[in-house]
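Both complexes below contain chain A, partnered by chain B and then by chain C.
Showing the complex of A and B:
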């Protein structure tokens, strides 16, 4: 029987949200009180604390991996295969074509799915390229998936998915790129799992984003909606440094770079609006 | 192709995505496909199970494609005589010439379309249809 956890007071709520905001950029307002209460209760029960003061002291001491566990508990990891397929279409019909034009021979094409949550997005990119890009064999393609949540990354590496995640992936592709485990679950085939690498990253920590090097295309979808303006801007500026000059960034459908940072050029293609880091020397 | 007369292809390619792309095309066309990640692994596989065709990438770690073919051509006749189709991102006459000298039967420059790959695999492996 888990220990009883009292509801958070206004002050405790503020301290907790402030802590999460500083660590992740995610903003939780009063409107999210129920969500916050549920998750922090879960953490107190898991660690055996019955008072918030003691639990916060443990967080501040940063002992064990409790900060990591707390962050894992608070992230929203909703995702699925072939989400916003029109952006994948844009990737092969316009973005890669554009990147290849200016790319020195022999250099790999690097694509970053950040945040990748449980891996549906980077695996979708790999499948999409195999199915829709006839030049897939002519380049070294490096697909990286990253997230702040270490638990979803473990799931992404395992590559096991249920019906819900696969809902939008045509059955032919499910058969081809996943193997059935039981009636309810499928696992990404070995070769495909090996083709995507996963890593931890915090988008609002420049040292962590920097360590990932530069990419041709970045998919940064459905995370900025959880941030406030300041952390959105910080994440966008960090990602700017992760783009090759002329590289592209794709955001989620509810997100617009024009409201976040002036660093990027807006590119309207037939299938999607994306943002481009200007070519070197293109601006004064 | 009937099950008992399926032609066997060994795909020697280090990039997982490319292996998947070629395998999909070849299996779809009725080939029996085995894979090796580099020349060393390919030689090992050939000793236990010879094949009708080798499709070999030039750029591979451990043992590159051309070194692999040269080694292959020095094996016992059953293995040394297996036809080799080279796939490479290099398209200069010197590269193609070097592959010929090493003992390649045919050379395709990447990107190799799936149809093109199947067509050449059929011809080189001696498929009738």
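Showing the complex of A and C:
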């Protein structure tokens, strides 16, 4: 703990936890006090505050982008291959099995990664399916990565990644699905690059989301928490329309669709909690 | 490699024109009413049509879409369209209305003084929750005014809870006065004590 920032008091800790809960749904107990304090202290140092009281005042005033920065500090907003692997396990062990049970034969499985940033997530999904889903040869699988930022999409299409992005990918898979460019960078092999398509989308623009059609599974991680209430509602309804009836949406670990929209059913699987668009006629 | 690259399929058909949309909003199937509710936000006369539909809609999913469209518009008229739902007997309808109103803080602000003085206790309690979405200075001013005149302890408790989260240092006198007015209600004294601790963080900051 830096010497110039005092330890967080019990009351300050409660205030901060309440703020984080209301904003993100993340719950931190006393056992997590050190974890919470470390991240808040980092933000104090970054912003030049020397007391929690001053810092909370700034958060409460909702000025600047400090709320976003604080949430970033708690969500580890860094993307890399096989991030939140438990959701990928859930995809192959539960979600796809459920989807193909009700899906008419011959229809492709469609998976959407949004926002996809520089492509780590959609390529991870592709590699995971090739490695872990026995039915992968029996279905046409359409993987789409979308983002509002056209620069990151260019990078995603290029498919070039450094060591940090690949740190959780087993070396065997790196050798199989990426080709070395130099000692520091690798490129996704051509076949795999061609199997993922990329597009721009703004999640609150209905016309843009509708143009992407319906998906069986959507990965939409760590973006809705940054929207205000009105935008979050709108984005949730757009995503609802983008799901096939019975389709699933996976959010980030700090997010809960139940706090955003009543449209989805909560599904608890062994590896993840996900949200499902009810089948037609399943609800009143 | 079995993965394929395909173009996106055709987007769902859009409603043809405003008349189609408004007719479907109350007379279509569940799916049509859902689509019409989402489309109406951008159409002239949409708020009035959405307000009328909200009064008769029985499908929870379509009601959610209507409320979201009204929050997209976020005008005093859309607030007025939602407000009757705050008085609904059905808890889901009240909660849906509350969430919608909190999603349009600028539009709801001019209505809040009246809502916080409403004859219905439940409406006043819910209105305290709406104040949670306001800027701290606005919420503090409105809720302190309420604390000084409110006779129902439960309404005061709702206001104190909001002040404990977003209240500013200026709330301290009103909180203390409120605690004195309800000596027979220990939970008010406790809630005020917690709120004062939180608000004092702001006071320290100002000092």
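Descriptive notes on the structure:
FYI, the second predicted complex is superposed on the first by the 206 of 284 C-alpha atoms of A that agree within 3 Å, B and C clash if a C-alpha of one lies under 4 Å from a C-alpha of the other, contacts with A are read in each partner's own complex, and residues count from 1 in each chain.
Everything below uses one rule, namely that a contact is a pair of C-beta atoms (placed from the backbone, for glycine too) under 8 Å apart; a residue touches a chain by one contact, two chains touch by 3 or more.
Owing to the predicted nature of the structure, the values given are computational and were not obtained by experimental measurement.
Looking at the shared chain after the overlay, A:126 reaches both chain B and chain C. After overlaying the two complexes on the shared chain, residue contacts for A:155 are found with neither chain B nor chain C. In the superposition on chain A, A:134 makes contact with chain B only, while chain C stays out of contact range.
In the superposition on chain A, A:192 makes contact with both chain B and chain C.
Of the two partner chains placed by the overlay, only chain B lies in contact with A:176; chain C stays clear of it.
With both complexes placed on chain A, chain A has more residues touched by C than by the other of chain B and chain C. In the superposed model, A:267 makes contact with neither chain B nor chain C. Contacts of A:73 after superposition on the shared chain: neither chain B nor chain C is touched. Shared-chain residue A:230: touches chain C; no touch with chain B.
Shared interface residues of chain A, touching chain B in one complex and chain C in the other, are 126, 129-130, 136-137, 139-141, 191-192, 194-195. On the side of chain C, the complex with chain A involves touching residues 1-12, 38, 59-61, 64-65, 67-68, 71-72, 74, 92, 96, 99-100, 102-104, 133, 135-136, 165-166, 197-198, 201-202, 204-205. Against chain B, the residues of chain A that register as touching in their complex are 105-106, 126, 129-130, 134-141, 176, 189, 191-192, 194-195.
Looking at the complex, you find that chain B touches chain A at residues 15-22, 24, 87, 89, 110-114. Here chain A touches chain C in the complex through residues 11-12, 15, 18-19, 22, 51-54, 56-57, 60-62, 108, 126, 129-130, 136-137, 139-144, 191-192, 194-197, 199, 206-207, 210-214, 228-230, 233-234, 237, 241, 261-263, 283-284, going by the rule given at the top.
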